[in-house]
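In structure tokens below, several structures.
Note that chain A is present in both complexes that follow, paired respectively with chain B and with chain C.
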Partner chain A sequence: MKAVDKVRALAENENYRKKLAVCYQCGVCTGGCPVAYVKPEYNPRRMLEAIILGQYDEILSSDLVWLCTSCHSCLERCPQRIEVSELLIELRNLAAESGNIPSLLLERAKRIAETGQSTPISRASVVWREKLNLAPISPANVEEIQRILQATNFPGWTERARNQTNGRRS
Partner chain B sequence: MDPSLGPSKIGVYVCHCGLNIAGTLDCEALAKYASTLPDVQVARDYRYMCADPGQVQIKKDIKELGLNRVIVAACSPRMHEPTFRKCVSEAGLNPYLFEMANIREHCSWCHPHAGDLASEKAKDLIASAVAKARLLAPLQEIEVGVERSALVIGGGVSGIQAALDLSDMGFQVYLVEREPSIGGRMAQLDKTFPTLDCSICILGPLMVDVSRRNNVKLLAYSEVDRVDGYVGNFRVRVIRKPQYVDPTKCNACGECSKVCPVEVPNEFEAGLGWRKAIYTPFPQAVPPAYVLDDKNCLGLVPLACSKCREACDKSGAQAINYDARPDIIEFRVGTIIVATGYDLLDASEVREYGYGVYPNVMTCLELERMINAAGPTGGKVIRPSDGKTPKRVAFIQCVGSRDERWRAYCSGFCCMYTIKNAVLLKDHYPDLDIHIFYIDMRTNFKGYEEFYRRARELGITFIRGKPAEVSEDPTTGNLVVFSENQMTGRTMSLEADLVVLSQSAVPRVGMDKLARTLNITTDGSGFLLEAHPKLKPIDTSTSGIFISGSAQGPKDIPFSVAQGSAAASRAARILSKDKWRIEPIVSSISRDLCIHGRDPKAACQICVSRCPFQAISAEPGQPAIVNPAKCQGCGTCVAECPHNAITQMHFTDEQIMSQIRELLRSEPEKKILAFLCNWCSYAGADLAGTSRFEYPASVRTVRTMCSGRVDKDFVMAGFMMGAGMVLVSGCRLTDMGSDCHYISGNTWAKKRVETLRRVLEGMGISGERLRLEWISAAEGQKFAELIRDMDQKLQAIGSEKIREENARAKPNLERMLRRTVIPAQIVHA
Partner chain C sequence: MGEEARYAWFPGCWVSNRMPYIEAADRRLLETFGIELVEMKGTSCCPEPYAVLGLGRDAWLGLAGRNLSIAEEMKHDILTPCPGCYNTLKTANATLRNNPTQRQRANRLLSKIGREFKEEIGVEHTVNVLYNKIGLEKIAGAIKYPLSGLRVAVHYGCHLLKPSRVTGIDDPERPMVLDQLVEVTGAASVPYVRKTLCCGGPISSVDEKTSYAIAREKLLKVKQAGADCLIVACPACMIQYDTNQRSVEKMFSETYDVPVLYHTELLSLAMGITMDEIGFLHQVKVDKVLERIHAPKA
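And then the complex of A and B:
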């Protein structure tokens, strides 16, 4: 299924839709969003409205979904109890499936999938740890981590994303 | 001889209702079928039974054929039962010897494509009505005397209006007010929207008027403690708190207040000012006498200080008496009006706006008192932190309202009072910069939209965007409001030196206690519940008790005044009669079967405890007895009595059993036997038909007044007679409360059905075949979906398995039923 269809399936699922459709566009989500104060184009209220109105392509093609910091101010303040930040994270997953993922995040994701770590352990840090009598960092249990990624459907898109030479630069 | 006694002579009339019924069902064939039923003398079909010719025919047949039972198969009884009852009584037949079969809302409208299945259902519904009619008894409406007086609880503008109207009509009124003075919220306001009338100026004369009427007894500083009785005959007990000041001697000179050493926050000033322990709430207080607040006084027993009495004695009035005690005042009234108003949400709960933490964030009521020339600052609007005049004020709307986290509803008057306050501020301080942050502006009555325009003309800025947060600069006390401005689509932060919050209106403290005292219900939000949201906004489900003003839901002054007059009018309907008639579908206890009559040591009293209207009493050693004037006719006691000693007029066990037998006469394993309560579920099923929602024709309905009436015997009999599934449905019961028209009938129904389900499972009947659901009168769609779901499950289980399970359970069911039910009624033909 194409990512845009998955978004449609999510947004048009009756139970889920009911939770979104109650939005009365008060704007408290945008009003409390730290990103919106820095980047005016980022407007959670508008993004939610776009989902409600079925403008899925727009959401998926822009890189705005990647700017959410998950501070959850919107979710806590929404008078209709809409889980705005959770929706954005969901949209992020779906955007990634259609290759819309900043390259930095894509690389990090690949590294986690391959080595079980998001940042590599440098040789310098190994040396220093010895000098300071700190216990060495135990290597990640790559197999276990990959099983977790498998169970949570992670490889599904990293595989596809891996096949793309670049993620979107952001 | 009374023709209603003796053998039944039944007339059945099948209505076409134009094409509403005739378009789907063959009415002629139905009439022919009806004529084959035993005791049916005549069966006719006609286009519009409720129209004149239809009614004339019924009356003619009653007179000429000596009919003593009449059935009309047509629309819902909730539609035309009163019409036909009147018709038959005009022909000399007791109106309770009439029954309706609902073949429109419950058949033709909801089964337009069911063909034969719809016909079969219509036949069964007619046969069921005929079977019940045979067992109906003539009933006389109960007449009670009417006390020509009314109690009005709450001395705000709504209660005052009700009291004045009733007084004008010549009725004695008791006006009870909790505070030392009447006036309520309106007395606290400065100006009223949209005219900017001075609030106390227009209210004051009404307050004085109501206190001077010969036929109005004003009981201020008092609370209603207990109410017994029933419509026309309420016995009221009021406790008047001790004032310690003799109102006949006090001349309100204020010398006592001057010397009192105690200062407490002034409730009337919304906590902004102080008052003494001996005080009058505001200058125009009615009654005008001072009041000693014994909770804050230094002490009366032992006497700690007596400065006020000394000052009063010195002044010559000698009005203070420390030995005062609470007064108990008892009286009788015919009707009660509840007009107790509203409170405001504690704004500090909405932490994002900093009320209670930042000194310069205030509430609308606090601002109201500040602007008021008689208020704590003499009409000057100042910042609480430093007393300076603000340069920019931000108003924030919907604080706690329209918010699932606090109150889901809209409080109704805040948009308007904020515009009013903004306009007043602009008038007093023309250079003041004012911003109002809103989600929607609700300005929907006379002059309101024009007032909104005026505000914009004055240069008040309206910003669409609910602020996310208010933060403070602690050095200046200035505030920053963070919000999106939807006009620009950009976020903004506005620095203001004063922020005013419009917080949600909430039910008054003590509302639930008062509701219990009066036996009326509150709605999901805690406001008093009206009998019908559209057609009976003033009545409650308890006859003779009415509600008005913000106690029923937040509303502005004209609406409150209108409701006050409306309540007076509804009350006068009763008070203007010598006798008031009550529908006789009440319960009645057999002296022989009640355990209290048979065994002097019996401690049953189950019926007494089940009755939400306290209509049943049981003296020791005496059988329990029902007061028919208090009985509202739910039938819960009938179903709960373990000795089967209680019956309900017009809904007897025998009548209902006879209906069940007819409805399950053929292929019962394919049928869903549904017990629907009159006020909610039956109405919901009607709505499903009216809305033309289609659902399977396998359901067969029995109407009871309340789900509490559904005896476990009915359910057992249903399964014993082979039913596929049984549905018991009533008014909504959730964690938030009960919508039950009779307050608690559905609660007992729930307990009963859940216990019964376990018993039936033990007998081999799968639990899913007995359903308990709550369907409200507005849930037509839900009803249709429910039947579709049940029918689907019924078919999934399959007729064979159902017959098997029923056969296995039958001996047990028969044994249990033989103990309680007249066997002849349940034996299959």
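And then the complex of A and C:
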């Protein structure tokens, strides 16, 4: 199933349809949104409207879906108890599946697939920890982590595997 | 897990690697109150919500479930100083406990590496343990150098509080726990506008300008309130407000000069733990704050 069909399936899923049907477009989500406050073209209310109206392509192909900070203000404040920020995570998963992933995020995902950590252990931190009498960082068990990432088709893993294959060919 | 004062310590990637001074402060502090932190072996990134949860929910739940299973083997609740890790591990723990379908999916993944989620432990943040387990009274009794006269702007950040159905720490709109943990040192928590605003950090790698514009809003309000410093409870907020503050100033051609401290650094100093023991390294100078503290400067 294509990502756009999946958004349709998500929006038309009984559970979500019930949730979205009660949105009366009051805009509390947008009013409390830290991103919308400084960047008006980011508008969670408008995103909900687009889903309700079936404009799925617009959501998936846009960079805007990646601008949510997951502060969850909208989730806490929605008078209709729509979990907007959680819905946006679902949409980011579908955008990722359709190939819409910001490049720096993909880099971080690859790093996690490579080392198991979001920040690789640096030499500076090793010295610093020693000075503070802190035990050395226990390295992640990369083999176990990669098996999970591989089994779930995690983009950071598949991208890393693709790069390795290309690297060997050239 | 009742009265046991021993936790599986999960500092997270950023604290252990980029901000070990937070770990040093927490360790000294918690040891003083008889809490033992046991190292976890072979853990991964919690994993973080932006680059992992945003890209694939199954991978996120699988890795979080794996980290939880390591603590289950140790038979200790997890304690973390990072609200990001707290939020991820607590959310994953609740999902795996309450959603049989998700649990089955995650356990199918975990069985590939000989692991299983068994629903045996809980997840705590340092703020929780200080406030609820140790308690304000005991902390007040340990203050050696009261920080009277110090005016502090308290910043809660998002993931310590929200979604409140998961974190359960405090009221997400009118939180008080961190203010109380600051005021027990003798410092005053000053009122200011936009107290529960997000730091904007998570989107800095996608849209730096928007991310910094959100940070700017907070830094301006803290400056307007005349606070001596900003107190945070999150390493990501620390990076955004301290490490990135000069870049934000440059982007908007403004000067904020707001010193930023992690909440346990402030508490440690008030308890007489020396700067040498914590060894912190901040981008924005904290001298003005230290001058007001009569602790030995080592």
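Simple rule for what comes next: the second predicted complex is superposed on the first by the 141 of 170 C-alpha atoms of A that agree within 3 Å, B and C clash if a C-alpha of one lies under 4 Å from a C-alpha of the other, contacts with A are read in each partner's own complex, and residues count from 1 in each chain.
Here is the rule we use: contacts are C-beta pairs under 8 Å (C-beta built on N, C-alpha and C of every residue); 3 or more make two chains touch, one makes a residue touch a chain.
Note that this is a predicted model, so its numbers are computed, not measured.
Peer 1: Counting residues of chain A touched by each partner, does chain B or chain C come out ahead?
Peer 2: C
Peer 1: Quick one: is A:P79 in contact with chain B, with chain C, with both, or with neither? Answer first, second, both or neither.
Peer 2: A:P79 contacts chain B only, not chain C.
Peer 1: Is A:L94 in contact with chain B, with chain C, with both, or with neither (first, second, both, neither)?
Peer 2: Once the two structures are laid over each other on A, A:L94 reaches no partner at all.
Peer 1: Identify the partner contact of A:A3: answer first if only chain B is touched, second if only chain C is, both if each is, neither if none is.
Peer 2: Neither partner.
Peer 1: On the A-aligned overlay, A:C23 touches which partner chain: chain B = first, chain C = second, or both, or neither?
Peer 2: neither
Peer 1: After superposition on the shared chain, which partner residues are touched by A:L60: those of chain B (first), chain C (second), both, or neither?
Peer 2: neither
Peer 1: Would you sort A:Y37 into first (chain B), second (chain C), both or neither based on which partner it touches?
Peer 2: both
Peer 1: Contact-wise, after the overlay, does A:A11 reach chain B, chain C, both or neither (first, second, both, neither)?
Peer 2: In the superposition, A:A11 contacts neither chain B nor chain C.
Peer 1: After the superposition on A, what does A:R46 contact: first (chain B), second (chain C), both or neither?
Peer 2: A:R46: touches chain B, not chain C.
Peer 1: Name the residues of chain A shared by its contacts with chain B and its contacts with chain C.
Peer 2: Dual-contact residues (chain A): 37, 73.
Peer 1: Note which residues of chain A are touching chain B in the complex, please.
Peer 2: The touching residues are 24-33, 36-37, 40, 43, 45-46, 73, 77, 79-81.
Peer 1: Considering the complex alone, what residue numbers of chain B touch chain A?
Peer 2: For chain B paired with chain A, touching residues are 352, 398, 402-405, 439-440, 464-469, 482-484, 486, 489-491, 493.
Peer 1: Note which residues of chain A are touching chain C in the complex, please.
Peer 2: Within the complex, chain A touches chain C at residues 34-35, 37-39, 42, 63, 66-73, 75-76, 83, 85-86, 89-90, 92-93, 96, 101-102, 104-106, 108-109, 112, 116-122, 125, 128-129, 131-135, 137-141, 144-145, 147-149, 151-157.
Peer 1: Per the contact definition, I'd like the list of chain C residues that touch chain A in the complex.
Peer 2: 13-14, 16-18, 20-21, 23-24, 27, 39-45, 47-59, 62-63, 66, 109-110, 112-113, 115, 158-159, 162-164, 172-173, 196-198, 200-203, 205-207, 210, 213-214, 217, 277-279
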